[in-house]
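The structure is given below, and queries will be raised subsequently.
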Amino acid sequence: GTIKVAGIFTLPVEQQWISRIHIALSAAEKRGEIEYVYSENVSNTDYERVMREYSEQGVDLIVGEVFGLERAARKVAADYPKTAYLMGSSFAPQAPNFSIFDNFIHEPAYLSGMAAGAVSESNIIGMVGGYAIPEVNRLMHAFMAGAREVNSDVTFLVNFLDSWYDPPKAKESAFAMIDAGADVMYAERFGVADAAVERGKKAIGNVIDTASDYPGTILASAIWHMEATVDTAISAVADGSYVADDYGQYSYMAHNGGSLTIDETLVPADVVAAIKAKEAAIRDGSFVVTINDETPVSDN
Amino acid sequence: MEILDILLSENFWAAALRIATPLIFGVLGALICEKSGVLNLGIEGIFAAGAMAGWMAVWLGADLWGGLFFAALTGAFFGLIHAILTVPLGLSQHVSGLGITMFATSVSYFTYRTALPQVSTPPRIEPFQPLDIPILSDIPFLGTVLFKQTAMTWLALFLVVLVWWVYNRTPLGQALRAVGDNPDAVDAQGLSVYGLRMGAIVAGSACMALGGAFLTMSAFDAFFFGMVNGRGWICIALVIFASWRPGKALLGALLFGAFDAFQVRLQTEVGAFVPSQVFLMAPYILSIIALVIVARRAEYPRALLTPWFKGQR
Amino acid sequence: MINDTVLSLNKLSKRFGTVVANESVTIDLKRGEILSLLGENGAGKTTLMNMLFGHYMPDSGSIQVADAEGNLAPLSLGHPQAALNAGIGMVHQHFTLAENLSAIDNILLGSENLFAWRRSMDTARDKVKDIMQRTGLNAPLDTIVGKLSVGERQRVEILKALYRDARILVLDEPTAVLTPQEADTLFANIDVMAKDGLSVIFISHKLREVLAFSHRIAVLRHGKKVGEIATKDADEKIISRLMVGADTPTSPRETLSVGAPVLELIDLSVTGISARSSLEQINLTVYASEIVGLAGISGNGQSTLAQVISGLTSPTSGRLEIDNQPVQKYTPASLLKAGVGRIPEDRHHDGIIGAMSVAENLAIESLDSSDIQKNGFLRHQKLKLNAQHLSQKYDIRGPGIEAETRLLSGGNIQKLILARVFEASPRLILANQPTRGLDVGAASEVGKRLLQARQRGAAVLLISEDLDELLALADRIIIMHNGELHVAPGRDRAQIGLIMAGEVS
Amino acid sequence: MIRIEPREAPSRRLTVGIPIASAMLALLLAAIPLSWAGANIGEAYQEMAKGIFGSVFAFTEMLTRATPLIFTGLAATLAFRAKLWNIGAEGQLYLGAMAAVAVGTGWITGPPLLLIPMILIAGAMAGALGMAGPAYLKTRFGADEVVTTLLLNFIILIFIQMMLEGPLKDPMGMGWPQSSPVVDNAILPQILPRMRLHYGLVIALTAAVIAHIMLSKSVWGLKLRAVGENAAAALHAGIGVKRTLMSAALISGALAGLAGVSEVAGLRGYLTTDLSPGYGYTGIVVAMLAGLSPLGVVLAALFIASVFVGADTMSRAMGVSSYLADLVVSMALICVLIGGFIARFTIKITPANKKVSTTDTGAA
């Protein structure tokens, strides 16, 4: 019959990051390839139990994120060798059935940085992040590198909310940066672009495409696509060839796991052209965006 | 140097007032409940319920003021449950309050998710816009701080004045103060202790819900799980800081808003040298210090936490 | 005119659980009459009045009240508002004042339209001032009640009732916290108002004032009305017999020669909450086998002195010696150890832990003794035996030694405290208002025990506002005024009263 | 007009029956959200029962979830008995967990018999320390402990975040804000193979028994109750009130700290800022449901854990939003509260403003 897939998420499915996985799985369900169930907002304390419950139920593939409970998740995987696990993780895959992925969209982030650097007139760019963790840091660094490539005068303001999910607070942070002179905001969180709209500044999107929600504001967005990752895993499960693997590469632009949208009415044509050229270089491997997981700090 | 620049900037104070607005609603609500003698730890959940209900009403087609009304109604509903549990039934105010927080939060989340099962970005509404009051908003400093806020901030400020007026100038206020000090005094004068207390809890909870609604209808335009993020608890602290006085409550909320606005700004300045958490902690630590300073002078409603039963001694 | 009935209570009954508080009580009240309601503690006086005022719902029976024209009409039961509207005013046994409001706000509470936008205080203030002038009951109207003295609060309570145009005034032990002078003034005022047509029911344990001021006396015993008598036909003996069902024993006081000094206060100064209650260079010696009575209007430093001797406050200068040993540490524990037994002023608040059992309360001052504990654990069997023994010895009656102490009646709670204090055979006994609010039987029990302690050789410092009690028990009387001590010139009530009021020094 | 009167002697049938009946009622009420979400009600209840009793795994999961609740419930019980309103068990739990990972992640080596007691003591001490501050501020300055403990929860959590990004950060953690794992010798062993249930439960039950004995049999317990019921009288009777309050505070904090140790060393292995989904707050509910009795805490914790785990599993099986679990727990709480009330009191309703006739048989 069809493959049974379960999603286990530690946050609600609206959350940007989670939503990408949820959308890819929902699409597969629509196509009739899988039966899809999910549990959202599962606390890390309950995560292992939920994994075991789904595993017991005979679900074929479990997709989720185990950043807070690597050990436990791997133990579960070892206990249920017949079930396939595809988990967001910072560590290596574990044979035979525990694969990993992560949002490696540093490449489009770099490109979006180019747009930001070129458009900024005050040469101050604000960045509001959730937590200073590798997933966030590496995108910020790539973004900063991209901006510096086109504008060596640009400086950055960095702020972390220590919360994944507090749009009013994110908005306040962004206001503070705009007050401090920033004219382009890197919108890692919900709420930042709202501040930019309200103050007539520009913003850069991350993970999802929100351009239509903020008309005239989003210069470019680095988008994450989980379809490549999820579909690869599903077909592997379907034909019985599933093995523990690092699926991180499926988030690279080369696999269409990452892409850039750009608003050509807001970004000058020559910059668009430069970005397109860079994108081609990334796709053919002639340019590699460095991965830097250190915590970024404001320039002073 | 830079610190002074921040403190003198009008945008900073505008931000402080904005951040303070939900807290003003919340702390007034907590004040109304506690002055009648009942602690309402349901506040965190009532915030969430207000945020959800107000947003949902507007999203389903109500206008903004209709949404606010619906949010207040929702708060009043949860307040009524707390009131029934703690006033005629006299159950533990701590437990009932925490129960209401759990109940209101989970009802809101469950409702939201069941009504909108398949969303991958939260649906948005058209929220309250800053009122650009023509001439007043051109006044140099105050113009930006005061006259570019949304209608909800004005509503909050109005409520401060209203609550002050009621407690200091009206017979109802006298009765409400008395019932939090000595319910027997109220009973002996032919007034209903149950009625006054339950009314206060319902009204206070409605006020709290407006604080939640501010988050989804003014500060932002969509509902998120967990977006209340401890703001309700802060109000419980602020009301003691304020010694149960509306004016001081406003001051306390503004101070907290200012701390918060300040930490955001300072973090971008010196974030490289000091861990961001130091700034996040600051408002809480300062609240405790402020509490210790005012604690000796705080005039507790004497009957706070003590249930009262008619015809029993 | 004086024969018009304004109130009639018909066969009222009320039970609390198994306690029958009132059983078929019938009482009538005439216009302009002062009726005094007597009975032991727990006889059901307050309960009866609470039913009249609507605090309690009677189990059966009915109440009729005259309206302004004098026609009797049934009163809706269980609603204080209905009682107020019918012209009934009640001054409760325990103050029902909001301490965070001013006196006038307390008086007006509930009389205004609750939902008015603003208050119209001027006419109200005029009316209150008028009442104050007519009755002589004066109170500072704009002071927060929390800052008023008990006497002032009592007057505010009465003003509250009169402001509502009470035609029937109920006073439940209004003089329990007043000085003799204050009580006399109050009754003089009430007398004037009664002549004006006000009907009064007053409850008191002080037979002297009952006999002096009332027209008629009704007596309750165990919830039933056991007698009614015109005051002019009554005397103390008759009333006591009605109340208790027997004569109250008076303990004989033998003359003893005093022993060595037990308590010495040497140049003791303490800063109290107010200047009046601060102590200035106090010197006092209490000898063994002696009862020293400390008289004075409350708030003149007696509580401060009691606090120091209890170890709750440290002196700012000077010292306290027990058996010639200076006290080193002013904590309740160390003074207990030094041999001071305390009967606290507020027995419910400071004397017992209501939610704990009688047995536990009996042991609570001797937790370190090996009779009670072993290695930090309670010896429950011993605890129980001890409690049984003491309840018998001190006649503590109630639902049993394992029951919560708050269920005991006031008199029995005081007996519990006496048992605890006397069993420790203290060198010094500090008895602070030990008979306040107790009925004649219970009060005479306290007196008997204090005399027994004196007999045994203990020193007793008896603080009381009841001059009769001091005169009956004390060997010497000292008067406290403004934080200073004055030796009473003799045993003349009037003379002592003047010194208490600060008019002679 | 509503009147509330205490029952003369609540019968055993009532005191046992009513709480059970109200728990059942709460479960019945769950049918409302369930049917709104379009689930088959009968099947849902079956799934719920399965989620608690359906397998050894389900049952041990329930016990696993009850374990921290027993600790935090005891923490609240001891503090509340002294009328010390410790709302800060959540923060103290994290302090305990932090101490456990600070001690137990490798720089001290030794056999389990040494390491496990060591992390337990460290965690208890850290939790106690977390409550010492508010208790000091209360006894010294009169600062309200509800507020200080509540605010400390936030401060501690942010502080832990800082530690996890700083000194306690796992060097092997790929940059994630998490601590190094607790070494194997410091891990609380599992009770059954392949199940998550660990010896934290045994420690929790032991703590409950000890707390019961201390409260009801020791002089300290009597002092604690005396101070809680009437501090003025306790002071008057020569009891060291501040000292007693402080000891209650320290023990309460220590118990909450142990909850943290048990979670980190028994279940998760390392510390993150999402160690507890609000166990500290739920502990208050547990304590009050138990009527502040230590042995009752065990039952109340089992009850709350069953409802949560059962409803959570059911929501997954039925494809209903998993927020249902919290909803059912809170409804159960409210019903049990009201039920407990009905067991102790009767509610008499008489029509308002009834004119009573002049005959003897006035009102009921």
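A, B, C and D are the chain letters, set down in written order, and residue numbers restart from 1 in every chain.
By definition in this document, a residue touches a chain if its C-beta (ideal position, glycine included) is under 8 Å from a C-beta of that chain, and two chains touch if they have at least 3 such contacts.
Only a predicted model underlies this, so the values are computations on that prediction, with no experimental measurement involved.
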Neighbouring chains shared between chain A and chain B, ordered by label: D
Pair joined by more contacting C-beta pairs (B-D or B-C): B-D
CA centroid of chain A to CA centroid of chain C, Å: 75
Mean-CA-position distance for chain D and chain B (Å): 27
Inter-centroid spacing, chain C versus chain B (mean Cα positions, whole Å): 45
Where chain A and chain D are represented by their mean Cα positions, the distance between them in whole Å: 37
Contacts with 2+ other chains: residues of chain A: 40-41, 132, 162
Residues of chain C engaged with two or more neighbouring chains: 57, 79
Two or more partner chains touched - positions in chain D: 3, 6, 158, 161, 165, 321, 323
Pairwise chain contacts, counting only pairs that touch as defined: A-B, A-D, B-C, B-D, C-D
Chain A residues touching chain B - in the complex, by the definition given at the top: 11-14, 19, 22-23, 26, 40-41, 126, 132, 157-160, 162-163, 165-169, 171-173, 175-177, 179-180, 190-191, 194, 198, 208, 210, 213, 297-298, 300
Touching residues on chain B, where the partner in the complex is chain A: 9, 11-12, 15, 18-19, 113, 118-122, 124, 130, 215, 219-222, 224-227, 229, 260-261, 264-265, 267-272, 276-277, 280
Chain B - residues contacting chain C, complex: 169-172, 174-175, 177-178, 180-182, 184-191, 299, 301-302, 310-311
List of chain A residues in touch with chain D within their complex: 10, 37, 39-46, 48-50, 52-54, 56, 67-69, 71-72, 79, 90-91, 131-134, 137, 162, 293-295
Chain D partner contacts - residues on chain B that touch it in the complex: 39, 81, 85, 88-92, 94-96, 98-99, 102-103, 105-107, 109-110, 113-114, 117, 194, 230, 233, 236-237, 240, 275, 277-278, 280-281, 284-285, 287-288, 291-292, 295-296, 298, 309-312
